Amino acid sequence: MLELMLALPFVLALVLAILRDAPAKAVAWLAGLAPVLALAVLAWLTPAVMDGQIPRTMHEWLPQAGLAFSLRLDGLGWMFSLMVLGIGALVVLYAYYYLGPREKYRRFFCFLLLFMGSMLGMVLSGNLLLTVVFWELTSISSFLLIGFWFHRDDAREGARMALTITAAGGLALLGGVVLIGRVVGSYELDAVLAAGETIRAHELYPWILGLVLAGVFTKSAQFPVHFWLPHAMAAPTPVSAYLHSATMVKAGVFLLARLHPSLAGTDLFFYVVSTVGALTLLVGAWNAIFQHDMKGVLAYSTISHLGLITLLLGLSTPMAVVAALFHILNHATFKASLFMAAGIIDHETGTRDMRRLGGLRRLMPYTSALAIIASLAMAGIPLLNGFLSKEMFFAQALEIEGHEEMRWFVTIAAFLFATFGVAYSLRFVHDTFFGRGPRAVDQDVHEPPRFMQVPVAILVVACVAVGIAPQWTIGPFLETAARGVLGDALPEYSLAVWHGVNTPLLMSFGGVLCGVLLYLGLKRVLDLHAIVRQSQGRMLFHLNIEALFRLGRRFTHAVANGSMQRSLLWLVLVAIAAGAAPFVAAWGEPREPVAFVSQPMVRLAWVLWWLLVTCALGTLALYRYRLLAVLVMGGCGLAVSMTFVALSAPDLALTQLLVELVTVSLMLLGLHYLPKDSPRLRSLPRRLRDCAVALAAGAGTAGLAWAMMTRPPANAAAAEITARSLPEAWGSNVVNVILVDFRGFDTLGEITVFGIAGLAVHAMLRRARMAPEKVMPGPPIKLPVPADLAQMMFPLTLVVSIFLFLRGHNSPGGGFIAGLTLAVPLLIQYVIQGAASVETRFGFDYIRAIGAGLLIALGTGAAAMLFDRPFLASGHYDLVLPVLGTIPLASAAAFDLGVYLVVFGSTMLILSMMGTLKPSKTMIAHRGTIDPATRSALTGEAS
Amino acid sequence: MNTPELAGIQIFGFGLIETTIGIAMYVVGIAMLLALWRLLRGPTVPDRILALDTLNVTAIAELMLLGMHLQSAIYFEAALIIAMLGFVSTVVLSKYVIRRDIVE
Amino acid sequence: MSHLPILPILIPLLGGALSLFVEHRRIGTVVQRSVAWVFMLATLAASILLALRAHEGPVLVYLLGDWPARIGIALMVDRLSALMVLTTSLLAGACLLHACSGWDRRAPHFHALFQLQLMGLNGAFLTGDIFNLFVFFEVMLIASYGLLLSGGRGVRMSAGLHYVAFNVAASTLFLIALGMVYGVFGTLNMVEIATRVAGIPAGSLPLAKATIGLLLVVFCAKAALMPLYLWLPEAYTRAPAAVAALFVIMTKVGIYSVLRVGSLMLGEDAGPLAGYGWDWMLPAAVAGLALATLGVLAASRLRVLVAYVVLVSATTLFIAFGLRSAGTIAAGLYYLVHSTFVAAALFLIADLVRRGRGDAGDVLRAFPPAPGVRVVAGAMFLVGAVSVAGLPPLSGFIGKTMLLQAIPEADIRWAWPALLGSSMLVIVGLTRAGTRIFWKPVPVLPALPDGPRPVRGQLRLPETIATMVLLALGVAMSVAPGPVTAYTRAAAEQLLAPSTYIDQVRAAMPQGRRP
Amino acid sequence: MSVVWELLLVALLLVGSFFVLMGGIGLVKLSEFFKRLHAPTKASTLGVGCVLTASVGYHLFVGSDPQPRELLIVAFLLITAPISAHLMSKAALSLRMDEWPQLPGKSDEDTHVPPRPDGGDDEGY
Amino acid sequence: MEMAIASGIGVLVFAGVYLVLRARSFDVILGLTLLSYATNLLIFSSGRLVVGKPPVLQEGMEATLANHTDPVPQALVLTAIVISFAMTAVAIVLAMRSRADNDSDHVDAGDVRDGREDRG
Amino acid sequence: MRWRRRFLPSLPLTLAIIVFWLLMVSELNAAQLAMAALLGLVIPLYATRIDREFARFGSLRPLPKLLVVLLWDILMSNVRVARQVLSREERIHSSFIWYPLEIGNIHGITALACCITLTPGTVTAALSDDRRYLLVHVLDLADEAALVADIKRRYECPLMEIFP
């Protein structure tokens, strides 16, 4: 049943969200259905609750985290459900009339039902985590409701402020709840409520309390974060009537009451909660006097009353708790009706500014009467419900034991509360309904539609009924609710209008008297209407948020300024740190002597060393003259290749050489479209810094390499590979066997990378038009003599390529080297004959070559799967032919064929794309031609 | 396979041919460094291209000498490729100097 | 024998290769998309099966080439790998759907690159060999370059250059680290390395530490951990939407690798190296979280904001994993999956906004989205924002709650404020962005006489569905979190017991060879 | 016999390395590009040729590789080195690094501007 | 020999890193190329330095590491060379495109943070 | 003839490939012969797509003599260049000359360019567009006419016979 009750608002919200183009009336009816049906369910459950039973239901949600969908309906929950649903139903009715014909009914009621459901879920929740879930849902849905008129600045600001503060509180609450879960070992409310002693005795208690109270205080708009509430008044009035009288703001005090058995009862709780409550009460009440907006008065009054409730819960005596609950109910009724009345007035007159209103008593008698009664209830005038709970408050204030200074403080606060309350109520009534006016209202003012008054009337009747006959009307309910909090500790109390002449009564009368005097006095002394009070909270909030954004911007722009140099610098620095840290940490520790025999220098090592080092430094020295740097870097490549040869790695040397050549070609192709040199960097410190970083990186890498090389090798795996290469993989070039067999999967990935590079370049250049940096005048050059030679070389290089491919498994070579070797003669043809000539003659589809290569490699690997062996398991077959003898067929060769095709295809695709770029049509203005007469022989560029 | 043997002439206690190979390696190495000097020094672009070309050619000699020194034929492919690519890179670089656009 | 572990790699490779043959204009979009979807769905199916198999407990070992793991390459699938693969496939499905609303026709080779990207991602998650991991990193990266740059122009090129250069530099570092790994440990199989780590002689300890430290630096750079995150915002925000959404998983590859290396090489059994480097990771994560959060506040464009949200989630993950308890890791894994889906959805939404607002792009200023876009995008943004900010009832809340619960007592003092505070500020940032984009009315501008009308894109069905699918995955994770959390919990426990993993992998025998 | 072979090899090596060195020295010592061009294109080619020939002989006798494959490289170098030189001088000419004589039979119309490498006539292309 | 290789690697890294930290795309690419030389040498040297024992098996010579150098790093370097080459190719083309599209070869060309893409 | 041109576009090339292959693989057996033949047949088919004239020899008779002369000249020129390199540079008077060509076959021109570059102190620097002049740089020019005549006699004439 509880699920049904809770589901109703959500389901109907969903229905509303889906419905399109439904008339407003139907929407309102559907929306009203939710609270009405839920109320019916609640009514059905009421007898059981009154009996002291707690209907429960539980569904697992996330047992690992202790999160369960468990609902329970005890007295407190019942009371709040009643409020949420009852006032909810009235608000729906009211809102139907309130919203203008052009308003988005569907969205409004959808959000309203979402909120209603969230609120209901919160009060029904039997699991603290679930409470947090619904708690935050109320924040979100209230954000949507407050921002309903999102085209208005104040609505957006109010919504953001409310969400920011309540969501922050919600996060704190989450923290608190998780801590409670740690202490108690469960999030089930029953367990938590039963574990009050444990919680209070735990060392985490202050933290728990602080975090939970942070949630409570933000939600219930307690000082000093109360300021969001007045700004939430930018919401449509039905929303205010609902959220800020009965529901949203009550969520905080609800939770305080809910966790009262677990958290209350310590001095810390007493002092913190009562002090905050008392301060809120005073601040709210005092500010309410100076508001000109009707809803402003009501908002500050709400703050003040919430302070009162908090204060009562802080006092923690059973009677105080009863009073708090009683006041929650009372406040909900009169404040909801007042908000609705204010909405009616706004609706009819077009303003809520009390400075422009007045004399409405004559124009709207019924509404005025209702509003005045409700205001009196708010002021705590006898025979109305507000009076009763206020009396109880006074009594509790006077009975504080053991904390003398608190008793004085609270009593004075209570008296001031009464005084201010009377004053602002008086002002509210007087400025609106009495005197001359309405001033400066150009509308024809009359009573609203009858059914718009009905909700107000119902609530006011409730105020009066409770005020006159509390025991009959509210008594049983209150008792049920109080039992929900206090359990067996329910005090003896009597709900009666007359308790005889006692101090509270005198205080009440004194308060009324002082309030009237205060209002009259203020009116006499000050020009109330001229006082414009800025909301300091808002300003502070605004400043803080702005400061926050500024901080974010400043930091982010200072740190993440989009500079690539900075990214790379950090990478280098972190790498240096990571590499150096262990050695620094191990500095002073005794080092074991390294048993290591250094390799003697190879004969030509000294040449290579000089070549390598000088070319590296030469590249560095010449980097600004790019062509020269590329040239000098060619020396580096040669040195590295020769080092590989000298150190027993012919395959590497071949690959390095080929790649080096193609890289240089690509760089030259690229240089055609890039500036010829780099500008000089003026900043010396910057250069020095980079130099230092580079030195550290170089030294660090050298040190690491040296330390690694001088360790004895751990190459058992390599030995095994070497030993198994010939008998099991049928290849004597172990490097190639590793590439196509042992680690063939790496190669598959590698050719994929290579193929993708081709595709990426193709994608980037396919439609690109670029202006070359500078062009030489004249038509393309032909070089007959080199062309002739290249033509002769072409078939021979093909032979070399095939040779390297076929022999690769047993000698240096293989698919990759062969593929590049095949690309080289074509490159020459491109260079000498021009791209167009080559491509028309050969008509390769390089992209398909890449695809085919990948498919062949993949197919070869997958063929093993047909034999129920893993991917890439190699096979070998000796084909014996009559004349030719034995021809070894190896699956590895097929795999290598895939490599061959991909490498060839991709290399040629890249070269061809870069070589056949079309000049830009628009950007040509930036670039120019080189005057042959002015070219510098030093750099080859125009000087 | 029955291969003829070298005489193994000894000079100052070292094999003559070995010593000669060693000397040749040093001499060719010096030539490489001279080419390197020209590569770095320039002054003109064609000078550097020429130096790079010379480096490639001398590298072939050096590699073959190393092959003799280590009595291994494994360096053949590397030398062949260097010869091939040295030419190609000279073509490409010269074409760049002449036309800036190496593929027209 | 079962070839299941390798299928998530081979299927996309085949798909990518075949895509190259159907690219011609004559063949038409339908065929191209059909091919892409056939392979996408097959990959997805394989991933699901793999996840189910992995959940049975034992590590699946696939010996490529039928060589024993110590000399060949082995794929190793534990729950974590399978989870990552499944997440990737689900995400990729949505991204592909989004791309099929038109981007795939404007970006040359899109489908091939997309499939190969998928191959790279899956390979990185499945391989058990650290050099093979590098190779798949590169496959994934170069495919991402292609996807990022294909069909692009202008600023995207310079952002791409930044991204490429940084990643190439990081890959260079990776290679240095790999050289060191082989030089120090003499093997590349991660399990073999793990067994040798403990026996490293004292004299070589600093070297081993430096080696693994460099590896971690690389992974952290890919995962965009402070201070190596500077490359991320630009690259992600300049990418086309579907690609940006797919990129969300890329930071996770780095995180996955940290987790894997941390579990195997720095785990309990790692002797003197146990826990090395983790002490640094937590402060870096917290600082990174702070900076990422400030970035969320500072963002002037929606996509930048989402990029920083990605960073927030990445750093949150580092906190979770850095604490190295089963609880935090489990929570972190849940959070990882959730944040992947949601952040990807936010990228798609941001793109919708950008298109819907024509010239205004996704700048956080008032500008009217096309009617229809506002409502749909606004609603989706709300769901995404709620989820990513960790507000209930969506997956972010569950993830964050589990994380808060799991953080050990001693670390609460700094971890909680960091996590909760960041959540708070992310809410502030998202609220501002949302209200500005979807709520703020347009200032009335003087009408330009002959000025170009802003071209505002309309909703396209595949895009909307793709976004909704991603959001729905997040919602599903919050409605029924049980299976996912059970899985992540088991994965975390598996991860914290590397010795069983190691034993299972070493026990794997070739089929047709001597072991 | 083998003594002769060995001495021949030694001679080849010495001559070869000497010429290679000459190429290097010429490259460094000579004062302008076109002069420098002579040294390496000739000397190095011959020098390398000698070394390669020695290598063939040496491997033949040592038995590590009894095939004259190095001759392929020699042939290759002999063919390509001149063409490389040709291209490099073309590059140098395009940079106007030297003056060269007027093409016979052409008019003096462009006396002050040196003719383009191919005579400035585009029709031949 | 080890010292020579290590110092060579160091110098390459020094030059490479300095260039990588420059502001122009081409300089960065040059730097990355130098760095890739360094990494290739470093990975290669992880198999230790052995002269004249290439990992090509020959008849009559036992297939052990006494006769042949460690082949694994060589295979790794091959893969690394290929991959770096692919990356370099992409980077060069990207540098060209970035230069053409953004009118500058500065690595942060095109006013990255508030680019024209958004200004419309 | 047509059949031959279609399937065997250039016999010299085919032969060259076969020899080249056998030299490369350093094996002489049936399988390698078959492979060489296969390549020799297939590659020219492919290579002819470059669409330039393939080597067609006139007479190979002058070739041995030319080779010997060339070898000798190479040796001599190297000695001379070495001497010049080692001597003082002021004595070297280098200069360009235009060498008038009579040979028209492009292969012949290429071969001649090779010969000139490889031999006495000369380097070819360019070919005129009409292919009638070779620009030759002479390291130490004494007598231009004598040099031209020398080249013509020693190289160009035999080459014209080989490449008619």
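When the chains are written out, they are named A, B, C, D, E and F in that same order, and each has its own residue count from 1.
In this text, contacts are C-beta pairs under 8 Å (C-beta built on N, C-alpha and C of every residue); 3 or more make two chains touch, one makes a residue touch a chain.
Quantities reported herein were computed from a predicted structural model and do not represent experimental measurements.
Peer 1: How many links in the shortest chain of touching chains run from chain A to chain C?
Peer 2: 1
Peer 1: Minimal path length between chain A and chain B through chains that touch?
Peer 2: Between chain A and chain B, the shortest chain-hopping route counts 1.
Peer 1: Which pair, A-F or A-E, has more C-beta contacts?
Peer 2: A-E
Peer 1: Looking at C-alpha means, what's the farthest chain from chain C?
Peer 2: F
Peer 1: If you average the Cα atoms per chain, which one ends up farthest from chain A?
Peer 2: F
Peer 1: Rounded to a whole Å, what is the gap between the Cα centroids of chain B and chain F?
Peer 2: About 23 Å separates the centre of chain B from that of chain F.
Peer 1: Per the centroid of Cα atoms for each chain, what is the distance between chain C and chain E, given in Å?
Peer 2: 26
Peer 1: I'd like the Å distance between the centres of chain B and chain C, where a centre is the mean of that chain's Cα atoms.
Peer 2: The separation of the two C-alpha centroids amounts to 50 Å.
Peer 1: For chain F, what residues touch not just one other chain but two or more?
Peer 2: Residue numbers touching two or more other chains: 20, 24, 110, 113, 124, 127, 131.
Peer 1: Which chain E residues reach two or more other chains?
Peer 2: 20, 25, 28, 38, 42, 44-48, 51-52, 54, 56, 72, 79, 83, 86-88, 90, 94-95, 97, 107-108, 112-113
Peer 1: Could you tell me which residues belong to chain D and also touch two or more other chains?
Peer 2: Residues 18, 25, 37, 45, 65, 69, 72, 79-81, 83, 86-87, 89-90, 92, 94-95, 97, 117-118, 122, 124-125.
Peer 1: Quick one: which chain pairs are touching?
Peer 2: A-B, A-C, A-D, A-E, A-F, B-D, B-E, C-E, D-F
Peer 1: Provide the residue numbers of chain D that touch chain F in the complex, in ascending order.
Peer 2: 18-19, 22, 25-26, 29-32, 34-35, 37-39, 41-43, 45-46, 65, 67-69, 71-72, 78-79, 81-83, 85-86, 89-90, 92-93, 98-101, 103-104, 117-119, 121-125
Peer 1: Sort out for me which residues of chain B touch chain E in the complex.
Peer 2: Contacts found on chain B: 70, 72, 74.
Peer 1: Per the contact definition, I'd like the list of chain E residues that touch chain A in the complex.
Peer 2: It is residues 1-30, 33-34, 37-38, 40-42, 44-58, 63-65, 68-72, 74-75, 77-79, 81-83, 85-90, 92-97, 99-100, 103, 105, 107-108, 112-113 of chain E that touch chain A.
Peer 1: Note which residues of chain F are touching chain A in the complex, please.
Peer 2: 13, 16-17, 20-21, 24-25, 29-31, 34, 39, 43-44, 46-47, 49-52, 54-55, 106-107, 109-110, 113, 124, 127, 131
Peer 1: Quick one: in the complex, what on chain A touches chain E?
Peer 2: Residue list for chain A touching chain E: 557, 561-565, 568-569, 572, 598-602, 605-606, 609, 612-613, 616-617, 619-620, 623, 626, 629-630, 633, 636-637, 640, 643-644, 646-652, 655-656, 659, 662-663, 666-667, 669-671, 673-675, 678-679, 681, 690-691, 693-695, 697-699, 701-703, 705-706, 708-710, 713, 715, 717-719, 721-723, 725-726, 732-735, 737-739, 742-743, 746-747, 750-751, 753-754, 756-757, 760-761, 764-765, 768, 770-771, 810-812, 816, 903, 906, 910, 913-914, 920, 923, 926.
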